[in-house]
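Written below as structure tokens is the structure these notes are about.
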Amino acid sequence: MQFTSDNAAAVHPALWRAMHAADAADSPYDNDALSRELDGAFSRLFGRECAALWVATGTAANCLALAALVPPHGGVVCHREAHIEMDEAGAPGFYLHGAKLMLAEGDSARLTPASIAAVIDPIRDDVHQVQPHAVSITQASEYGCVYRPAELAAIGAFVRARGLGLHIDGARFANAVAFLGCAPAEACAGADVLSFGFVKNGGMGAEAIVFFDPEMARVIRYRRKRAGHLQSKGRFLAAQILAMLEGDLWLDNARAANAAAQAIAAAAPGRLLHPVEANEIFLATSPAERAALRAGGFEFYDWGKDAARLVTAWDTNPDHAAALARAIARL
Amino acid sequence: MQFTSDNAAAVHPALWRAMHAADAADSPYDNDALSRELDGAFSRLFGRECAALWVATGTAANCLALAALVPPHGGVVCHREAHIEMDEAGAPGFYLHGAKLMLAEGDSARLTPASIAAVIDPIRDDVHQVQPHAVSITQASEYGCVYRPAELAAIGAFVRARGLGLHIDGARFANAVAFLGCAPAEACAGADVLSFGFVKNGGMGAEAIVFFDPEMARVIRYRRKRAGHLQSKGRFLAAQILAMLEGDLWLDNARAANAAAQAIAAAAPGRLLHPVEANEIFLATSPAERAALRAGGFEFYDWGKDAARLVTAWDTNPDHAAALARAIARL
Amino acid sequence: MQFTSDNAAAVHPALWRAMHAADAADSPYDNDALSRELDGAFSRLFGRECAALWVATGTAANCLALAALVPPHGGVVCHREAHIEMDEAGAPGFYLHGAKLMLAEGDSARLTPASIAAVIDPIRDDVHQVQPHAVSITQASEYGCVYRPAELAAIGAFVRARGLGLHIDGARFANAVAFLGCAPAEACAGADVLSFGFVKNGGMGAEAIVFFDPEMARVIRYRRKRAGHLQSKGRFLAAQILAMLEGDLWLDNARAANAAAQAIAAAAPGRLLHPVEANEIFLATSPAERAALRAGGFEFYDWGKDAARLVTAWDTNPDHAAALARAIARL
Amino acid sequence: MQFTSDNAAAVHPALWRAMHAADAADSPYDNDALSRELDGAFSRLFGRECAALWVATGTAANCLALAALVPPHGGVVCHREAHIEMDEAGAPGFYLHGAKLMLAEGDSARLTPASIAAVIDPIRDDVHQVQPHAVSITQASEYGCVYRPAELAAIGAFVRARGLGLHIDGARFANAVAFLGCAPAEACAGADVLSFGFVKNGGMGAEAIVFFDPEMARVIRYRRKRAGHLQSKGRFLAAQILAMLEGDLWLDNARAANAAAQAIAAAAPGRLLHPVEANEIFLATSPAERAALRAGGFEFYDWGKDAARLVTAWDTNPDHAAALARAIARL
């Protein structure tokens, strides 16, 4: 019973079907019929004109998105535990040609105008210090917590007032929207660019970079190719993404994952290190308790010495989730 | 009837099966069982210890391979019409942090020790000029021509004598081996690193970077992640590659593509701009002749004003190839 | 008798005086009184609003200038024998984060609209090929030849029509203006940025980057610091440059160097490989002839096997130049 | 009475004399007689074989030094208030091609093995996280505090045990040696590379990068040129450095600066925010007190809201220092 990572989950059958349907020859790269549908599909989803590019990974999505906002001599404010800082092997430094991540604090890996200001206000406005050019936040956050639309609006207003760009790492954007129950546009209010994740939510290898200013995408198309991310059979990536948007499959999948997480979280409210709002549960547990869970057939990662990270996915078996909940309750 | 690009071809059924079989949950990134088989599979194929990494594109494969050989202040000798120079949007400049491509001449986009020497001999050995660190050749070349083992041995000896590394861009390595009928190791003799292509040969989105010095792969694993090319569901890339190697499917596919190319080439030997040794035919044709072919239902790219580029693939319908041959003969 | 390089020449006494005068404490970096005078001084010289930054070397000047015009994924057209291509150790690749130099042909290392078009016209307007963003020419050229104002106007018009920027490497701009006898602005007509050299013309270690669009300088001030070129005692660089501009010392020095070159060139018009228009003479000579000159006490570089490069400077002793002319005539 | 910055100080007369003496023509770049003396001069000073390169600025020295130790995908541990982090405009990101600074804590901007371990121990040894490759410390620190030889030995042992390189930013190395009264080699024990500063200590524009492994310098000579830091009249930089080493002028100058700092510090021991061990005094003062000092004719920087930074230099007038001490005592 696997709660290690939503990256380990299966590909959704609808995506398999869509990929098979895309097998017939079409133009290479992103000149195929499916890739050309992306801008329209995301424009409809967000109710405004968008340009959307597929890439295979969240790291590529985040870094290409930031490349639209930050020059090589600039900086990006992000949370100290943001994925771009902790888990992307320095990819922002590579893609942004040495630009700097500026690390901010905040509960549950979320930022606020105040926590951003605490980082950028002390920066002298002279050529000796790297100047901030953008802020990157994660929706849902690295601890599975979700920014409310009003919080996003406040960040967006702050960021614009300071002349900065706003990027949202939406590796689990679907889970955030499912939690909020709002329009997708409200869940990323204020963003210039959104990395919209599908891989953790039933995809095989396709994420979307959604630019709310379509002009920004123009340069990034060159950057994508230059980074080796313009796949020659791009139709298979477009197929995955379009299948996800079709009939809001992405939301259904996220709701399933969130529901499984809630079922588990309900078993031990006192052990939760962060509110459970998406599909991740950080559970205070001793090594002995974790050993007991593993002995019961549950797989997951340790999170430091005193906690477990449990991740559900679109295909988490509800019986497994219920069994895990019982096992936790018994600890 | 499509002769535009082998990139437009379908995915081979055996790869579909292998990907479906890989759908069950496994560890993310390259910690899954299939990814861990790659080193062994390529070591067996080449009869020596190798380390192999999957990536989604040939551009990423080439540039990560070169990153193992060339420092940011160095240079890479390649043909003036090499893919890394002409068609990768400056990706080598990105991946190599500003290292320089040094352009050499040669018939049919192939290099020789003499053409390499013509580029590097005039370089002064001082700090004012970029010094060469590696040579990159393409097997089969951008004009579908194949280096013979003795030619590779001569290049390899020359390169080693000059203290340089040797990279082979093998986007169509399978077609070269199929043409030569030799052992795979002979078709890349002298190389330090091989970009072994599968996408043009029936894959969906997986190429292998094969390091003949396994130690070189150690650093490139970091570079791959840093470039956003470590896919979280890497098991699907490994599955494609292993399915290709299984029972030499890669060779069967390449033989089919080569055979279709030969059938076409035989129709008009006088029009061939380059020897047809792999799956590409460059055909001297007037605009009117190309219009006639297109009117007959054949799709392909113009190659300048006076030629057509025709590309066959593993799934080229032999009837289509025969029809094209007849149409060419009738011109 | 030294004709090796104008880089080997002495520092002009007026500059020594200016540097001594700047020794008194002032604000560090470029906040001192002298550095603040630069914009105005160059604006007066060129008769339009300019922003000017000092740096220590021509390589830094060229590369920071280009950084204002070319993004990392772009290209710069320059002559195959341009200093930025041949003698800067790949610095453009470093400063431009991997952007590409696109090599054009042209007599005496000079470009024309036609030779630029020959490079950029074949570039497909798609994401697979690096797109040109700027042209860089050298005034006077690497072979000591000077663009006439009408030639510059033609290049400028061509470049603007193609949406490109224009950089002029003016390491020997003074020699060009001295030769043309025109206003400085005419000698760099059409340029967006000029690297205005002083080191070869009697300076110690100060060049100016002159931006004809002052806004461009804003970003480059950050880039200069980021490149380690914002010297803390920048007042000594500003002092050199201002002393050069004072009373047109830069022109007097260049006229002296040019005159010495003319005196030498007149001795052997039939041996000149390029018109002598600045302070460099490329002289067809056999190894034996060069040995004879060296035996006569003249120092210079070989230029390949069949030529000598002779360079005069502001402080070339006219007697030495006359002696060299006689020695050449005697060959 | 200027206590703003040692960067604002004058150039020492002995250096002026040495630069004038170097005015005679010599080979350009670093092929002149003076530049060729550097390796020997530093080898004698440190009692071991060294290779030394001049550059114009401390930022260039630090970043080229680090480029010898850290690959683009690596990291450098430094203090949160290190100059490379706070005051170099992101130059390490530029020179190291996106490598990451990893920020450690420590009193008075000094590190210890424990504070370094606190940064690197939590880093997972996998490809998702940037791995440390070097540590950079500052001697004397950004708060004017000096590492004792035993402290350096402990850091050096720790760093070697972890397989890391050690760089010392010695912008004020002279002040540290003057304070310690030890051999220069003891004051940088354990370092692989030292940025040995002269500009703040009476130089005009020359610092030395001293490699204790001469082989490391080989690559950095290319990198220096590539960064535009190989000045064509390099003899003037070499002349400054050799004049500084001659008769230990560097030590005399540093002793003078340190003595002035001690004289000031003695006036108000209770106000010192950091021990005064070099030539910087951080003095707790209210805005009103700082206004009073300024009204008395003393110039200096505020350090936040509650402190002043006072810097002495080799040429600080002892009467001015005494006057400042009295003024502080009167506050």
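Note that the chains take the letters A, B, C and D in the order they are written out, and that residue 1 is the start of every chain.
Everything that follows uses one rule, which is that a residue touches a chain if its C-beta (ideal position, glycine included) is under 8 Å from a C-beta of that chain, and two chains touch if they have at least 3 such contacts.
These numbers were taken from a predicted model, which means no experiment stands behind them.
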Moving only from a chain to one it touches, give the least number of moves from subunit A to subunit D.
1
Hey, which chain ends up farthest from subunit C, C-alpha centres compared?
A
Between subunit A and subunit B, what's the gap in Å when you average each chain's C-alpha atoms?
34
Report the inter-centroid distance (CA atoms only) between subunit B and subunit C in whole Å.
42
Geometric centre distance via CA averages, subunit C-subunit A, whole Å:
50
Would you please write down the residue numbers of subunit D that are in contact with two or more other chains?
29, 72-73, 88-90, 94, 97, 127-128, 222, 225-226, 230
Considering only the defined contacts, which subunit A positions touch subunit D in the complex?
72-73, 75, 86-90, 92-94, 96-101, 127-130
Across the complex, what residues on subunit A touch subunit B?
2, 4-5, 7-11, 16, 19-20, 23-29, 55-61, 63, 88-91, 93-95, 199-200, 204-205, 222, 225-233, 236-237
What residues of subunit D sit close enough to touch subunit B in their complex?
29, 71-73, 97, 127-128, 131, 219, 221-226, 230
